[in-house]
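Structure in structure tokens, see below.
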Amino acid sequence: MDSLSLLGITIGILALVGGNWLEGGQLETLLDGPALIIVFGGTVGAVLLQTPGQVFLRALKLLRHVFLPPEYPRADRIKRTVSWAEAARQGGLLGLENLVGRERDPFVKKGLQLLVDGNEPEDIRRMLELELDSHEQRSMQAAKVFESMGGYSPTIGIIGAVMGLIQVMQNLAEPSMLGSGIATAFVSTIYGVGMANLMLLPMANKIKAHVMDESEYREMMIEGLVAISEGENPRLIEIRLRGFL
Amino acid sequence: MDSLSLLGITIGILALVGGNWLEGGQLETLLDGPALIIVFGGTVGAVLLQTPGQVFLRALKLLRHVFLPPEYPRADRIKRTVSWAEAARQGGLLGLENLVGRERDPFVKKGLQLLVDGNEPEDIRRMLELELDSHEQRSMQAAKVFESMGGYSPTIGIIGAVMGLIQVMQNLAEPSMLGSGIATAFVSTIYGVGMANLMLLPMANKIKAHVMDESEYREMMIEGLVAISEGENPRLIEIRLRGFL
Amino acid sequence: MDSLSLLGITIGILALVGGNWLEGGQLETLLDGPALIIVFGGTVGAVLLQTPGQVFLRALKLLRHVFLPPEYPRADRIKRTVSWAEAARQGGLLGLENLVGRERDPFVKKGLQLLVDGNEPEDIRRMLELELDSHEQRSMQAAKVFESMGGYSPTIGIIGAVMGLIQVMQNLAEPSMLGSGIATAFVSTIYGVGMANLMLLPMANKIKAHVMDESEYREMMIEGLVAISEGENPRLIEIRLRGFL
Amino acid sequence: MDSLSLLGITIGILALVGGNWLEGGQLETLLDGPALIIVFGGTVGAVLLQTPGQVFLRALKLLRHVFLPPEYPRADRIKRTVSWAEAARQGGLLGLENLVGRERDPFVKKGLQLLVDGNEPEDIRRMLELELDSHEQRSMQAAKVFESMGGYSPTIGIIGAVMGLIQVMQNLAEPSMLGSGIATAFVSTIYGVGMANLMLLPMANKIKAHVMDESEYREMMIEGLVAISEGENPRLIEIRLRGFL
Amino acid sequence: MDSLSLLGITIGILALVGGNWLEGGQLETLLDGPALIIVFGGTVGAVLLQTPGQVFLRALKLLRHVFLPPEYPRADRIKRTVSWAEAARQGGLLGLENLVGRERDPFVKKGLQLLVDGNEPEDIRRMLELELDSHEQRSMQAAKVFESMGGYSPTIGIIGAVMGLIQVMQNLAEPSMLGSGIATAFVSTIYGVGMANLMLLPMANKIKAHVMDESEYREMMIEGLVAISEGENPRLIEIRLRGFL
């Protein structure tokens, strides 16, 4: 559970609503169904038009990471990698064979399999880096779905405000309606800018941070597996991998 | 048929029009011929001045991909590439000769021809990558035509609005005209910002996603063809290409 | 003659003026000498302060390319390069000596001279690429003069508008002057934003497209000349150069 | 103590408050609790949602560097490195062993240890550069926390202003309240834009400058340690390292 | 003396002041001490907080280049380099020894010394490029001080305007004061935007152009000195260096 995420979203919304309340504003004026339809609908529409289907699904899946962050147990992995290196020095690479079946991370499993199959170090590196790059690129593309939404929502909020103002202008003759009309119009701006800055953009950035974290973790695993296949000294492997901590 | 594109554009426009209607706005106030001429004409003018002829034509051709996405059957291609690798191992590269005529993708056809002609692996890679890069660069240039349009249309919408406001200001003496004059002026802004955010920019991004997809597919084919020309083990080729899935 | 450029600039201006006329605006309200002086003078001043002398002259020279595009006859060049490669195979590199005098493109002439002088392939590549890079960088720098102008003109338009508004505010007591004062003030904005979006930025982009085109053409010539100096098969040279079409 | 930082923040705030006072403004109008809650709370909320926990902590730790800058004594380090090189030439790398214990900079200590252990020059370079890159990336990520805050705060200031304006509009009937209502609303904008431009963004940039400085210093140390392990001439090492001054 | 810089700054300011005068504005309305204090003080404060001390000093030193541009006599240098190459061919590298003392450009002097000392070509290149990169990076950092100021000044101008508007709003009851109050408020915007676009940003760009020019000149010198140390043909050196003209 990422309590910082929860805290952040709570503080952000409380600050806005609370500050407004302290200034004497009423919460009801900030609630406006049609404005929500315009801003949310327009933003979702733009992003659906923009995003290929599987990228959109991946984005929805990654959304979970904002509150339930994935874990990459680096310190633990270094320990295990060093023990693999020692095992390989004593029993040869084939001695790692029974580890493949037990490995749960599919990326590491693939690496171990390539190792056990006796591939050349540079082949192992190339294949794993291809996979890492391709996976990272896709995850980033998915994270950018929220970034795009955060780019669209303020401008669509402005469209909502301008549409509202147009209506108001049509009825300039009734000054009593003026104020509340403008008020309603402005709510779209708040929705658009607020949605982007209190939710969409920060979420996109948190997802990106997790993606970078995963890539660094995988990079560490590649270094370790390649070093084992090069028959490097377990102690040196440990020093090198500690650079990732 | 890319149903997400269709859905996106529909949701976007419905949300705006519907939200406005719920707020009591009338659709007619949002329809304004001269504003459309200003925004659409100005945007098209800017982009014609900016774009070389053949890039503009390519952009129009790629527009189709927004609703009719091209397909790059990776899984199927991997299977076929592996079978080519096996055939080449048994019958030599010349055994692939009859495949060249049957191949429909011109990029793969060129690669197969280079393979059958017995070129060096690094020559095959270099020529195909030259073609990939040059093709990708042109497609991106074409996709950017819509991105540029999405950059110009909001500012031209603002020009339209300011021109409208100038007229309104000339007639400040008749307050009855004021509101509807401003309303008309603001419609340009809605057209400019709306066109950019609900159509042009999302379309440019979808086209870009297809271009990147094609390049990745071609990169996979290069990896496969070069690996065949290096006489690599079909099973290893399969593992490597699976990294692109 | 680049008819697209001419068409673009015509459509753009016609759309704005025509749309405004259809909305009942008068052309005269859009004409304002002082506003033009502010926006044009301010923009030119900023760019003169920013740009070294020879870059500014180069920019003025490249401006011509917007309407009279340079031509890079690739298909024709490939044919000729292949024939050079054949001649070199038969008569040696010295057989190309009489071509040097006839060559009109100074870049290709330099390349041919380096070839005839019997330089090493990598030396030819290095010297020509140095020249290509240095030339491209300067042309880009010149193209960016218009991009910069397109960046300055809207903000200077805003300065003009604010200066106009200040005057208006000084005379709030005479409401009859108010409207026309504001109108004049807004014209600066239109000049600034319009100049940038209908002329300066699209022109900068067209010039950039020509610069990129020239570089790609020169890159093709480098590939061809280096391949000749490596004594490569003329047919292979042709295949490789076709990748640039 | 970074007196420039202190001077900068003082001048910035004094200029704003003083200029406003000279224009006849009262300081009290610029103080508004609810506006502060909205802008500060919203900005902190956005950044907490966005930032992984350990990055946030690192950012708070680096904040100290704005006023208490870290020192990287290059000239002194070059002298010491040259003396190490001389010692290594006379007594071999093992002669450096007793230096390891006394070294206080953990990065240099690790480098010395790798040197004394007799690792290959390229291994030393690789491990130290891995550490440098990984450390720099994390510090930059932390510096960007303040950059992000400086990006969020102006937009959240605008949300505050619009919320304030909405309230004002609700009470258009009481013109006496109008002015002071709008005034309160605008204070949010000042807080948002001022916080970003007088504090958050400059601080982020100063932290970044320190991070770059540290990396350059570490790069210098890598060059020196690798050169020692290559047994290079101490005088040449000195010339090379002086390039970093 | 860079007459273009002088011309640019004069044209820019004359255009604004003159255009305003032609529109019937009075110069006095554009002069406002407190606004100047706010904008200039705030901008300087932000930049002092942001910039390390020595970078700020370097920026002040580079400012001089805007009007007194440094000269890099390339054509002359090529001639001299070729004569050095000839001398080195006849009398060996030691024949260049007496040149070192007479050389005035410290960068070239260092290069000549490295050459005379008989260092390896790649060592000479590495050391000189290290120095070039490090020097370019610092000069760019200094040039960016003005770019940053040009980024801060418009937003601080807006803070000044909003502070002015707040005051105006406090006194809505006295409409006679309204106009001139708003006018004063807007002057901050003009100062902020004008300072950035007519001075700070163009100056930053001119300084950057000089930095790039110096780096290209130094790059040319590196090519020449390395070529001499490789004992290359003086004529070939001349052709290669001419690529930099």
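In this document, chain identifiers A, B, C, D and E correspond to the written order of the chains, with residue numbering beginning at 1 in each.
Operating definition for what follows: a contact is a pair of C-beta atoms (placed from the backbone, for glycine too) under 8 Å apart; a residue touches a chain by one contact, two chains touch by 3 or more.
None of the values given here were measured: they were computed from a predicted structure.
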{"item": "Angle of the C-alpha superposing rotation, chain B to chain C, to the nearest 5 degrees", "value": "70"}
{"item": "Shared interface numbering between chain E and chain D [over half = same, under half = different]", "value": "different"}
{"item": "Rounded Å distance between chain A and chain B, as computed from the means of their C-alpha atoms", "value": "24"}
{"item": "Centre distance in Å when chain A and chain E are each reduced to the mean of their C-alpha atoms", "value": "39"}
{"item": "Shared-contact residues (touching 2 or more other chains) in chain B", "value": "none"}
{"item": "Successive chains around the closed ring, taking chain A as origin and chain D next", "value": "A, D, E, C, B"}
{"item": "Residues on chain D engaged by chain A in the complex (per definition of touch)", "value": "33-38, 40-42, 44-53, 55-56, 114, 119, 123, 126-127, 130-131, 134, 141, 148, 152, 155-156, 158-160, 162-173, 184"}
{"item": "Of all residues in chain A, those that touch chain D in their complex", "value": "2, 4-5, 7-16, 18-20, 22-25, 29-30, 66, 69, 154, 175-176, 178-180, 182-183, 186-187, 189-190, 193-194, 196-199, 201-203, 205-206, 209-210, 213, 216, 236, 239-240, 243-244"}
